[in-house]
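Structures are listed in the sections that come next.
Each of the next two complexes has subunit A plus one other chain: subunit B in the first, subunit C in the second.
Presenting the complex of A and B:
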């Protein structure tokens, strides 16, 4: 049976997907995840989830359009009137937007 | 508290450092350390044989991790023997196989693919180990007290791993049969874990260990027998004297499996023409390990 493992480096960090373990039951899955994924990197906690419990939505599933199909620029800070006191936030948002557009373009190729 | 417990033994941690001990005390401390170190070293050596041969990739990594833990523990105990002027070379690599005082349980070979043996062995060994180490928490020898907590900290994983597999294998008749065969074969050798060295009386009287081995053996039996019986296994019955194998380990006598294993793990040392052990890690006293 396959289990998906998520590791949290420090308290309050997000859990990040780190891989799988194969184990016949939850107890062994936890034990194996401990040595396979929590041994050599800083670890505050692990989530171990049975593969079957993970629901998936695919980009090419019928009716699925991640982000929608119409223009929604209002999602980005650059679409609003602001002054220089927001400069940093705007730059960060700008970068984020550009990266997202690049990544989406990449994924569509 | 056991009636055998020596109540007028020296207080925990009161014996002082290695240079403060008289000859009698030093001999007793060395005897206790030698058993701890050799058990962990040899059991790790055998576990390592499962690396890339376990029932699953995860089982390989799990048992490999346990082997690493046990090697680390052996290193801590051998290091305390080095306080008395020994070095790793004469303790291990250029030792005589008859110098080793591990129990015969840990030296036995595994039949190819007999994972049930590994599980039963680990279950019997790790429960023994917990009891012996707990009886060292308040040792009169402070160098042992300093390290025993760290060693105990890695042991719950070993017990849980063994118990989990034990339950898993006991779920069907085929698994139970394999467990039973392993138990019949290993149980007499597990009893040698509790065999005394010729220093046993001194070890207890001097408070180096707080419980005598025969008391620990009964505590161990009270833990493992009901669990094994609850899984549908029959624990061999009879007087320990009748069950015990001829070789006892603790007195330097070993089964036929020991010399080949000893030559196997010292082979590379001799093959490379080594005269001293190469140290890869800082001394345990200088690093928090």
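Presenting the complex of A and C:
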């Protein structure tokens, strides 16, 4: 039976996918995940999920439109630069959006 | 975990669903997040009519995107609140429809003209964003996670609101005058966003001690006025003579004359008992009923059930 493993580096971080383990039950899956995915890198916690419990949506599935594939400029802070400076929290939000836009451009290349 | 341990450990994103939190913490966090979630929903209801009434296709697209975002924020927050185990999402939505759920003072007032839209989309959202940015460091981790996504999206909302304000204030004289009138009507409510200055907030001490709140209302108000009074002036809005708001040269801090603000009205609003409260909550209640068939269809597909109805109010 396959289990998907998500590792959290430090407390408060988001869990990210790191790989798979094979195990007949949850108890062994936890032990294998610990050995295979928690030993080298700093780890605060692991999530171990049965493969069958993970649903997947693919970008090329019919009817699926993930972010960045449709033209929606009006949804971005970068589209409304009416001034030169903005409150610090607005600037921070815009920096995050610029980063996301760069990721989208990167993916398009 | 007892309250002393919570206070000792309190810090950004310190506690999550895996922690055994005391009832006081769970109740305080639920009260705070439920208020926030309700406010997202009620704000969206005020803005929804302007999808139809937007003066151009660009504004229409942006307003519909914004309303969609706000409803999504409400859902994220109900999830973060639900994880505390005090109330379910359904309970919180029922409380809102029944008029028992509390929400932001500004969303108890009707918004009828296009010139009013930046009062919410720029000033109220700007004030909310200031507060939300500090909540990325709240001690309830699911709340902080919700803030990550909300703050990511909110930058567009406020810059769009600013763009509307500039467009109006560079438009014909009559439009500028109507915008100034809207500003004068909304400004006192916006000043009340952060509550009274002489801290009458009964929940702050505990919320701050356990890390749910990371900044006082007073500090938030100062930061908001620092950023937004110059913006208002820059676009040609004039602060009305009353309520008196000025910068004290000696302390280098903003002073808002409390006696110039209608606190009876504020506390009536806080009890959901203002005229506008009944109107806004009524809209929410009717919509909640009208779309019961959608919830029905989702919960038990193919079972028939309530007759479909439109949610248009």
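Assume the second predicted complex is superposed on the first by the 81 of 109 C-alpha atoms of A that agree within 3 Å, B and C clash if a C-alpha of one lies under 4 Å from a C-alpha of the other, contacts with A are read in each partner's own complex, and residues count from 1 in each chain.
As a convention for this text, contacts are C-beta pairs under 8 Å (C-beta built on N, C-alpha and C of every residue); 3 or more make two chains touch, one makes a residue touch a chain.
Keep in mind it's a predicted model, so treat the numbers as computed, not measured.
S.K.: Contact-wise, after the overlay, does A:23 reach subunit B, subunit C, both or neither (first, second, both, neither)?
M.R.: Only subunit B; A:23 stays clear of subunit C.
S.K.: One more residue to check, A:32. First (subunit B), second (subunit C), both or neither?
M.R.: It touches subunit B, and subunit C stays clear.
S.K.: Which partner, once the models are overlaid, touches more of subunit A's residues, subunit C or subunit B?
M.R.: For subunit A, the partner with the higher number of touched residues is C.
S.K.: Give one of first, second, both or neither to describe whether A:51 is in contact with subunit B, with subunit C, with both, or with none.
M.R.: Once the two structures are laid over each other on A, A:51 reaches no partner at all.
S.K.: Does subunit B (first) or subunit C (second) touch A:89, or do both, or does neither?
M.R.: In the superposed model, A:89 contacts subunit C only, not subunit B.
S.K.: For the complex, which residues does subunit A have touching subunit C?
M.R.: Against subunit C, the touching part of subunit A is residues 11-12, 14, 72, 74-77, 79-83, 86-90, 92-94, 96-97, 100.
S.K.: Give the list of subunit C residues in touch with subunit A in this complex.
M.R.: Its residues touching subunit A are 12-14, 58, 61-62, 65, 126, 129-130, 132-133, 141, 145, 151-156, 158-160, 162-163, 166, 227-228, 231, 234.
S.K.: For subunit B, which residues are in contact with subunit A within the complex?
M.R.: 56-58, 61-62, 65, 157, 160-161, 164-165, 168
S.K.: State the interface residues of subunit A toward subunit B in the complex, per the touch definition above.
M.R.: Residues in contact with subunit B: 21-25, 27-28, 31-32, 34-36, 39.
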